[in-house]
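Mind looking over this structure? Questions follow.
The letters A, B and C name the chains in turn, as written, and every chain counts its residues from 1.
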Amino acid sequence: MTAKEKEFYNKAADSKFSKKIGKTTKVKESIISAFFAVNGAMALVFIVLIFIFLFKEGLQAIQHIGIFDFIYFDRVQADGSVTTVFEWYPTSEEPRFSLAPLILGTLLTAIPATILSTILGVAAGIYLSEIASPKWKEFLKPLIELFAGIPTVVLGFFMLVVAASFFNDLLNPANRLNAFIAALGLSIVIVPIIASLTEDAIRSIPNELRMASYGLGATKWQTISRVLLPAAFSGVSASIILGFGRAVGETMIVLMAAGNAANITANIFKSVRTMTATIAAEMGEVSHGSDHYYSLFFIGIVLFTITFFLNLVAEIIINKMRKKNVF
Amino acid sequence: MIKFTERRKDFTGTLSIGMIKILFYLLLTFLFLFLANIFIEGIGVISLEFIFDAPRNNMTEGGIGPAIFGTIAVTLMMILFAVPLGVFAAIYLNEYAKNNFFNRLIRTSVNNLAGVPSIVFGLFGLGFFILFLGCKIDEIMETGLLLGQPALLWASATLAILVLPIVIVSTLEALNSVPKSFRDASYGLGATKWLTIKNVVLPQANPGILTGTILAISRGAGETAPILFLGAAFFLPNLPVADLCIGDYCIPMINPAEQFMYLAYHIFILATQSSNPTKTLPIQYGSTLVLIGLTFLLNITAILFRYRFRKNIGRI
Amino acid sequence: MHLIKNTSIFIVAILSISLFFFGCKKKSDKVEQTVLTIKGSDTIVNLSQRWAEVYMKTHPDVSIQVTGGGSGTGIAALLNGTTQLANSSRELKSSELEKAASLGINPHVYEVALDGITVIVHPGNNVDNLTLKQLSDIFGGKLTNWKQLGGADLEITLYGRENSSGTYEFFKKNVLGRDKNGKQIDYAVSTQVLQGTAALGEAVARDTKGIGYGGVGYFAERDDVKIIHLRKDENAPAISPVENGKVNYEAIWSGDYSISRYLYCFTNGEATGKLKNFVDFILSAEGQKVVESMEYIPLPVN
């Protein structure tokens, strides 16, 4: 229902019969609508609660540790000189809390995964919306959705047990469990997201555009590449942003397949440690109230903030796209 | 001249479309290989004992019964929390909400909730449910350390928040699909808003709500990160049940204050921390097959429901 | 619509019945059960589970829950009050003792077994023995290539445990040691973190460049890893914790094999009641037989 229709029905439901509806029924109705309003607001309440409780524990980290320690640490070396190190080592006698290796680890897994998934996902979206025959499409679209539902622990398991050995023999990487394997696993999670959003975006382009393009003599590929894809650009970019957000927030695959060494490296074949894996791996072993405990919540804040903004941007783009497509 | 250029352009076009087809089928092939590998390696282990027995001998023998039980228990409780909340929230958004700032904020929150990383939910569950609510409840009820620690109840609650967007979105779609004429007719007969919703809209939207529930179960059963420190345990000798005794009759009921074994967590632990990875490998595959079989079964059911339900929309 | 309603009722019925079906299996033992929770070291977790299994067979009135997570996890749980017994493969740190004192907890220490830390490499690696100093340099990141130790020209891949592990802490303290200024040497940042010694064994078995460490119980019978002989210093003899596939008790009891340690159980105050019975069982001859069967070293009899 559009907003106008809703207003109309609200008015109709309220006004015409309000004189004939008894007082008790009116009171009952307003209690019921208040009840629904409370339920409706719960989603908002939960987001706010997550904010509050993450920040409640995590900001204490800044009190105890200090914001700059989350970036670098000046370490006195054996020979007395001082070097600036970027290391995550909270359990050392000189605890180091730099988030740099963790953020780099997240990026080193999420960015390649997003690139790979964009290629595969947009291709799949184009295929589903333009190239596949309608009968195939009925079968393939649910199939892609089915694959979106694979539990991530299963993917992590597969990467750890099968893919790691396979690629170890094939590519001889520096470390057997590395960012590349994790990125592959992440792609499987993200491709369905990008594929179905791309397919939705392309499908919602009004047919007049297609007809106009064919009418001017363009071939199918020209129509797709020069007319449809640019028109669907906002939908596709929103899907990429959402996919990237998902890759950043994914825990199990990177925990099992990325090797978990807090390296600072740009070599995709080395082990890395992501923010999510750090929280997952270390939370069980901290005693409540220690510096380490607060620092893990701080990582949670950073993670939540990043994905929050990515989701917000994607939603703004999708809303704009929806408004534009009302021709 | 025209023929020449057409053929040349066509060549690039056919090549590109061919590339897209190849990429797509490559993707499908990989996915099928992945499933086939799990199926082949895992099917040999599946038996009635595997499904119902407890693990023995440091997980190298026996089955995954308690893990399946724990998964069912947690997801049932999660559904109890998530479905009413989600359906009512969707009713509010679709039937009652006007288009003002507050309600747009709520819709944004629902979308945002869907994008929160699962480990952040785990942190939230720890920080809010266990350390705040649980400890407060323990203080008020003076039970000592009962609810202020990892427990089934908090795991279900956290997972419920995680799957809430799924329920809301499915229900919204279902409510939206009920034709206006239905509501018209109901108002025309003098029904109030709530009566209309209860007797006319909701029954029509049932399939959609069911779809949402099934998808939520599937998602909840597959999540591992949130429950890592909310109560999932590697090995428990007993199921999380307590007997509710009335006189001589005792009914075993799920004890929400206990820890539980969880299928997804079990796979994670077996794969990364088991005592003898070579011996437990078949069990790892078996558990994975069970989990993915369960997920697929649920998802296929939901998709079929939704398909039939969308087909029925055309008719009045 | 009826079909869908009926199907949903059917599904809910199946689920509820299946719950009772699982639950009903418990009805046979109506004995009042005490629940003992044990948490902590992954090194000990299998041993602990075995103790629990054997003990529960003869004591059906006790139900023992054993979980791993690392010595640090167990100790943290003991301090948080969420476990009664903490397994640990290391002593309590001073920070943990302080925290315990501040919470009014008096941890009681029980030595329950011994363990030899074994250093493993891939069988294809031709390096046979190493000194403690070399180990410290390797895991500290100073030596990075096998050729510096007489092996092939390959970069060393370090495998270690997660930092809640007692094995991790023990190795850090006793092998990495302190540098010239007395500061604790840390593991190199490139060390891959593996949760659990078994996973570590798997990783080294598949990596020709790898080196790792863990409790001897996990490696004594494996033939896909090679156990390094240890020399205290340049002139000392090279001793292996394992002889002919069996653990070398004498070397460990006498201290000839330099990196061995006690395994501990911590309780809040001295154990009483059913917990005390269990601890007594662990320390008894029967309990120590279990230790032997799990390839750990029993307490010396004296």
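Details
Just so we're on the same page, a contact is a pair of C-beta atoms (placed from the backbone, for glycine too) under 8 Å apart; a residue touches a chain by one contact, two chains touch by 3 or more.
All values reported here derive from a predicted model rather than from experimental measurement.
Common neighbours of chain A and chain B under the contact definition above: C.
Ranked by distance of CA centroids from chain B, the top chain is C. Ranked by C-beta contact pairs, the top interface belongs to chains A-B. Rounded to whole angstrom units, the spacing between the C-alpha centres of chain A and chain B is 17. Averaged Cα coordinates give chain B a centre that lies 34 Å from the centre of chain C. Multi-chain contact residues, meaning those touching two or more other chains, occur in chain B at positions 272.
The multi-chain contact residues of chain A, meaning those touching 2 or more other chains, are 284, 288. The multi-chain contact residues of chain C, meaning those touching 2 or more other chains, are 80, 194-195. Contact residues of chain B toward chain A in the complex are 6, 9-10, 12-14, 16-17, 19-21, 23-24, 26-28, 31, 34, 37-38, 85, 88-89, 91-99, 103, 105-106, 108-124, 126-128, 131-132, 161, 164-165, 168, 176, 180, 183, 187, 190, 192-194, 196, 215, 218-219, 221-225, 228-229, 264-265, 267-268, 271-272, 281, 284, 288, 291-292, 295-296, 299-300, 303, 307.
Considering their complex, residues 69-70, 72-73, 75-76, 79-80, 96, 99, 155, 157, 162-164, 179-181, 183-184, 186, 189-195, 203, 206-207 of chain C touch chain A. By the touch criterion given at the top, residues 78, 87, 89-94, 101, 165, 168, 174-177, 259-264, 270-271, 273, 281-282, 284-288 of chain A touch chain C in their complex.
Contact residues of chain A toward chain B in the complex are 1, 3, 5-7, 9-10, 12-13, 16-17, 20-21, 25, 28-29, 32-33, 35-37, 39-44, 46-47, 49-50, 53-54, 56-57, 119-120, 123-124, 126-127, 131, 142-143, 145-147, 149-154, 156-158, 160-162, 188, 191, 219-222, 224-225, 242, 245-246, 248-252, 255-256, 276, 279-280, 283-284, 288, 296-297, 300, 303-304, 307-308, 310-312, 315. Contact residues of chain B toward chain C in the complex are 52, 58, 65, 69, 72-73, 76, 145, 149-150, 203, 206-207, 210, 233-239, 241, 243, 250, 252-254, 259, 272-278, 305.
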